[in-house]
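Provided herewith is a single structure, encoded as structure tokens, for subsequent inquiry.
Per-chain residue numbering starts at 1, and chain names A, B, C and D are given in the order in which the chains are listed.
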Amino acid sequence: LASQVIQAYQSFSAAARNDFFDLLLEEYGPDHGQIVSAAQAYQQKPGFETHRALARAVETPRERLFQCLNLPAGGTSALVRMREDLLQQSTPRRVLLRGVEHDLRHLLQSWFNRGFLACRRIDWDSPASLLEKIINYEAVHEIRGWGDLRRRLEGDRRCFAFFHPSMIDEPLVFVEIALTGGIPRAIGPLLASDAEVGDEHQANTAVFYSISNCQTGLRNISFGGFLIKQVVDELRRELDQLQTFVTLSPLPRFRAWLSQQGETGGKADHVGRLAADIHRCLEDRPLWFQDDELRENLRAPLVHLGAHFLLHARLDELPVDPVARFHLGNGASLLQINWLADTSDRGLAQSAGLMVNYHYELDRIEANHEQFVKRGTVVAADTIHDLANELAGETRSG
Amino acid sequence: LASQVIQAYQSFSAAARNDFFDLLLEEYGPDHGQIVSAAQAYQQKPGFETHRALARAVETPRERLFQCLNLPAGGTSALVRMREDLLQQSTPRRVLLRGVEHDLRHLLQSWFNRGFLACRRIDWDSPASLLEKIINYEAVHEIRGWGDLRRRLEGDRRCFAFFHPSMIDEPLVFVEIALTGGIPRAIGPLLASDAEVGDEHQANTAVFYSISNCQTGLRNISFGGFLIKQVVDELRRELDQLQTFVTLSPLPRFRAWLSQQGETGGKADHVGRLAADIHRCLEDRPLWFQDDELRENLRAPLVHLGAHFLLHARLDELPVDPVARFHLGNGASLLQINWLADTSDRGLAQSAGLMVNYHYELDRIEANHEQFVKRGTVVAADTIHDLANELAGETRSG
Amino acid sequence: LASQVIQAYQSFSAAARNDFFDLLLEEYGPDHGQIVSAAQAYQQKPGFETHRALARAVETPRERLFQCLNLPAGGTSALVRMREDLLQQSTPRRVLLRGVEHDLRHLLQSWFNRGFLACRRIDWDSPASLLEKIINYEAVHEIRGWGDLRRRLEGDRRCFAFFHPSMIDEPLVFVEIALTGGIPRAIGPLLASDAEVGDEHQANTAVFYSISNCQTGLRNISFGGFLIKQVVDELRRELDQLQTFVTLSPLPRFRAWLSQQGETGGKADHVGRLAADIHRCLEDRPLWFQDDELRENLRAPLVHLGAHFLLHARLDELPVDPVARFHLGNGASLLQINWLADTSDRGLAQSAGLMVNYHYELDRIEANHEQFVKRGTVVAADTIHDLANELAGETRSG
Amino acid sequence: LASQVIQAYQSFSAAARNDFFDLLLEEYGPDHGQIVSAAQAYQQKPGFETHRALARAVETPRERLFQCLNLPAGGTSALVRMREDLLQQSTPRRVLLRGVEHDLRHLLQSWFNRGFLACRRIDWDSPASLLEKIINYEAVHEIRGWGDLRRRLEGDRRCFAFFHPSMIDEPLVFVEIALTGGIPRAIGPLLASDAEVGDEHQANTAVFYSISNCQTGLRNISFGGFLIKQVVDELRRELDQLQTFVTLSPLPRFRAWLSQQGETGGKADHVGRLAADIHRCLEDRPLWFQDDELRENLRAPLVHLGAHFLLHARLDELPVDPVARFHLGNGASLLQINWLADTSDRGLAQSAGLMVNYHYELDRIEANHEQFVKRGTVVAADTIHDLANELAGETRSG
């Protein structure tokens, strides 16, 4: 039966899927009466039996249905795709169906527990069908065909992915690494298809330069941090001369933040005014980085603003920038801001060409993570604090 | 951290494990205050947000802890062993800790969803370490060493097991099958180590003669029914001449039921009196089956009582006998009662030597299952109804 | 030691390899004195001992050396590459070193016995590193990148290769197959990257449209015929509705033969004169196939000459054309000549656009092979004999 | 066709196989006329062509036939079994058929070249069907059932075997190793089923205590020496604290040699007389090792005679003892003679309870091997030379 539902769902048109979601919403949602009476029973006599009864009443019928839909082969990936469909509904529908989506997410979160995931290396001996997916799923620095991919899998590169045993052909998340001598300050040389292949046994640094989630249906069920830590372990086992583990990461919300500074009417402070000026300049002169003088003039303010942005721009007490939030939340620290590090269209449009090295120091990860989670502290190198302080100093003196 | 907890737990003494369980009970149990206030909020304004908040409040901290303990390698099997430890506590402790056990079971039930299990054939080319476990886990008809095992894996036998991807070396449940010409009426010939090996391509019947659960920690998380159905599919694919799928099963509660009939003072009816008489006779003459006359005298009453027991002896509206409950619940029907079918010590002590063939008829499984679950109906062959009716007739006329 | 020789050889320059070959020629060649005395001993007293002594004397020291060089890992492929180097020497050197090459070939022929080869299917799940080799080794119809390759591995296509256990990553020979409804008369539609993917379960015909040897070092050690027969077996097992097994093959020596007819001064007969005329016409009008009138005028003579060429153009009593020799030697028969079947540059330059279907009829393969090997008989469809006879008739009457 | 011959052969009775061998002898043997004329042609004009023609003439038709019989699946093992049948013929038949056997051996020797063999570890996770073969093939120290085998595969034991890719389920030769602290002087403690399991990471010594050839049909096609060297490499890679690689080996011809000394009438020298006395004593008192006084009296003469036997008892200039010949030929040296090291029935009957440690010193293997092969030198520890010299001194002075 479950197998028929799964097959039917897969053949459904968008309209039929909508009907199916409406059914899940209306017929398989929480039973209010049952919950209320179980809640009252619990309030009158809290204990194992009444707690269990309440838990059972609170669990929706559709959660049990989803458990059944997982029984046949292919069930797990069908449920992942179902959540993808839910997330791609129009906004009002997404709000309407958020109970359905929440139940599905709750289940997937339990099933895609890191303990069930397998980390596998991906290389040029991997199946072409899998590599084709890597090409398609790469979300940070586009892979421009098989030749480009091949370079990213040479001896001085690594690629690892997490897989779930019920979806063995589908990577969940993958990370690309360059093995280098020293910490790179720009992405271009790493991505060049014709870059000379270095000797992995001479490298002292592993650079995580791209990490991509593959399954929209698993959005917000995060395993990227686990992957990075696992890969650090694997690399240390394979190449024990590696000393430094860093990322080379964009600041994807930097330009948007600059532009918002301009929008806020008050421009209360020096930082706000500077950001607004710089924003206008970048807008007016999109090819600014090709003009020697302009470029040099922009260097200092952009780097200072970058430091300020990373340290102080917050949303709900956490950094505004999602990449910063991700790596800092994993326990990495801010090591270095790199000027003109990514001059691709996207790098300029989102990060004003800046990139950051986040630093994964094994013996500090735990402490960094604690500080970040408990107090929102961004652990950063002194140079970055200095940059932000200089800006603040100007602000105070300005 | 999780990895340290797991390792610590494994090194714990029984006393330390008890302390750990007490901790889980007292410190990681439901937060009554939070539940009550979430319940009130829900009652005031039922909706997505209040329902989600209530669900979160109802979920115990230890459920989240168990999710974390699963992160490191080996976590899943550690949790299974943890539940085994809980189930093996003394009765008063088990009652005390039932909240802990319930939370763990709830999680394992979700994780050991049939969709995540892989069915693998076990044969003489399987790893010796796995076969050794099969020898140890066999719970129905003891495997007496490697020679006996080898016979059970010859060409006219099959063995299949379910495995979970996080416990790849540990069978969860396995089933042993004999491929025969016709439906066997006794277990002895099937188990004889020196039985001639039949031609699997001539067999028309597959006999499920033993099914064993391997993990105490997964007790009551049932996948045996799924295994039987999957194996029926596999066998039909491999050997398309197979027509009949039956079990050869004990009645493990039959003697206990007979003895209870004697105990209930009233002996209100004919069946009760007959059962009590027969029970006393079997007790007084433990070697009854070796005495030609006595054996023949016992034949009719035992077979009649067996039919009555299977059809009418109920507990909570379901058959008293767990094997009957299992196969009937899977959608099998009662086909035939076999006299003197198992004269092993256990066969006599539990089943008075009787065995039953349950019949898995593919096109009736669904309907049988529905009837059994909804109305407790035991679908049985006419001959079995006749046997039971004859007894009832005597009762009425008696 | 062997391992050092192998490594040294691989690092050798071309000059050093030449020195190595000279050494093998001069120091490890046959010991004339020993052979002569063993031969005399045998002549005086033929028997087991003298025969064995003669066999040992005749075996060259370098054959024993090659056996030793195979001991270390990678030895086998090093020896295959060694033979490749020998075959690529300049002609006078090749003649000089033919004793060395012969000994190596003798050994490789024994080691690459078909009984040691494994046939494996190649598909889109194969390692990219292997697929890259398929792209590079394809010798008949060039694979134009990964998109083209992917099309050749879709559901209505098959690819199989032979591998040797000591060279597991290196295909020795592979064949590409299209599954079609009916026998195709042109290669273009089969090779179109954007051709619609057919249903393999509806196909009644398997078309072997490309077969490529991969290892120059194994030239003239033929296993292509074994591969075709094995693949026919595999396909019949997988898709039992397949009825017809044919090739779609070029006539790579046809244009060369046409041109030779013009060169032989006498042009003694009608066929020779016609061939010379046609040859001149094709030379003069390289775009003949784009001119409607010319194309129609050339059709009949080209098809007649093709039939004559395949049936009667011989070298050492076997067909001149190597593709014909290969398939007819495998026991296939000539089924059909296809006009304008390959208008690629190579197809026009070698085969004048013609292609042939060779027919692998399972119950005739043995008999066809016998006739071909013993008497040089080319088994062909009546229509092809008719075409050749018409030409001969004109000759006689001309 | 080849496949039919192979199947027919396997179904043949012994008589039919004899007929088949006679056919191979008479119809597929060397063509004397052809050989003679090719030999004459070569003598007249030695060169590439005449040498090749002679080589072809000398090769027997049955060698080509064997090559063909290898084509079908299972061909290789059928040929191995064919040679086994040949080796098990009665002596006169074996002499008669030695040409057939020789040709088969010549081919198998080339095909079972070490470069084609794969070394695989065998452990408790290996297939039961393979382990069953290990039990059956063990030829030195009998494996007494599955419990005994299991002990031999625990953490402080290793087992490795060579396999040929065409006979993947059949071990060719396997070796058993104990990982110990120090060099053991007796076999009993190593073989005890209930011996405590040691810590492999604390061991400094690897003891090769049993090596068994599995395939009679490959007798005298030796790969045991390669296996030992390969296993030394594997063990050093796995456990880099291992320092010493020794055997614990019997002297299987020692008692036979003692008894022969008695038989040779003259008893010319002291050694001969002593050997004869000791032989008689061992014969008369088979339980000598249980008598404290007798045992002590026998100790010195037996150990001295053992040293003399290993160093000086020769056949065709090589040691009489096959185990000594094998290990010394591999480049090991004689390290130590152990008194009362094997009191099993076989150990007493063959080796008078003595055992030897042969020493595999990696940086001396090559030199030892050279000395042994070129000059028959037995490299031995000074203590062993001393023992032998003492005996010789007594001889001189006696």
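Criterion: a residue touches a chain if its C-beta (ideal position, glycine included) is under 8 Å from a C-beta of that chain, and two chains touch if they have at least 3 such contacts.
Computed from a predicted structure; not experimentally measured.
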item: Other chains in touch with both chain B and chain D; value: none
item: Intercentroid distance (Cα basis), chain D paired with chain A, Å; value: 62
item: Averaged-CA centre spacing for the pair chain B and chain A, given as whole angstrom; value: 45
item: Chain centre separation in whole Å, for chain C relative to chain A (CA means); value: 53
item: Numbers and ranges of chain A residues touching at least 2 other chains; value: none
item: Complete list of chain pairs which touch one another; value: A-B, A-C, B-D, C-D
item: Residue ranges of chain D touching chain C (in the complex, touch as defined); value: 30, 32, 35-36, 39, 42-43, 46, 48, 51-52, 54-55, 58-59, 67, 70-73, 75-76, 98-99, 102, 107, 110-111, 113-116, 165-166, 226
item: Sites on chain B touched by chain D in the complex; value: 124-132, 145-146, 150
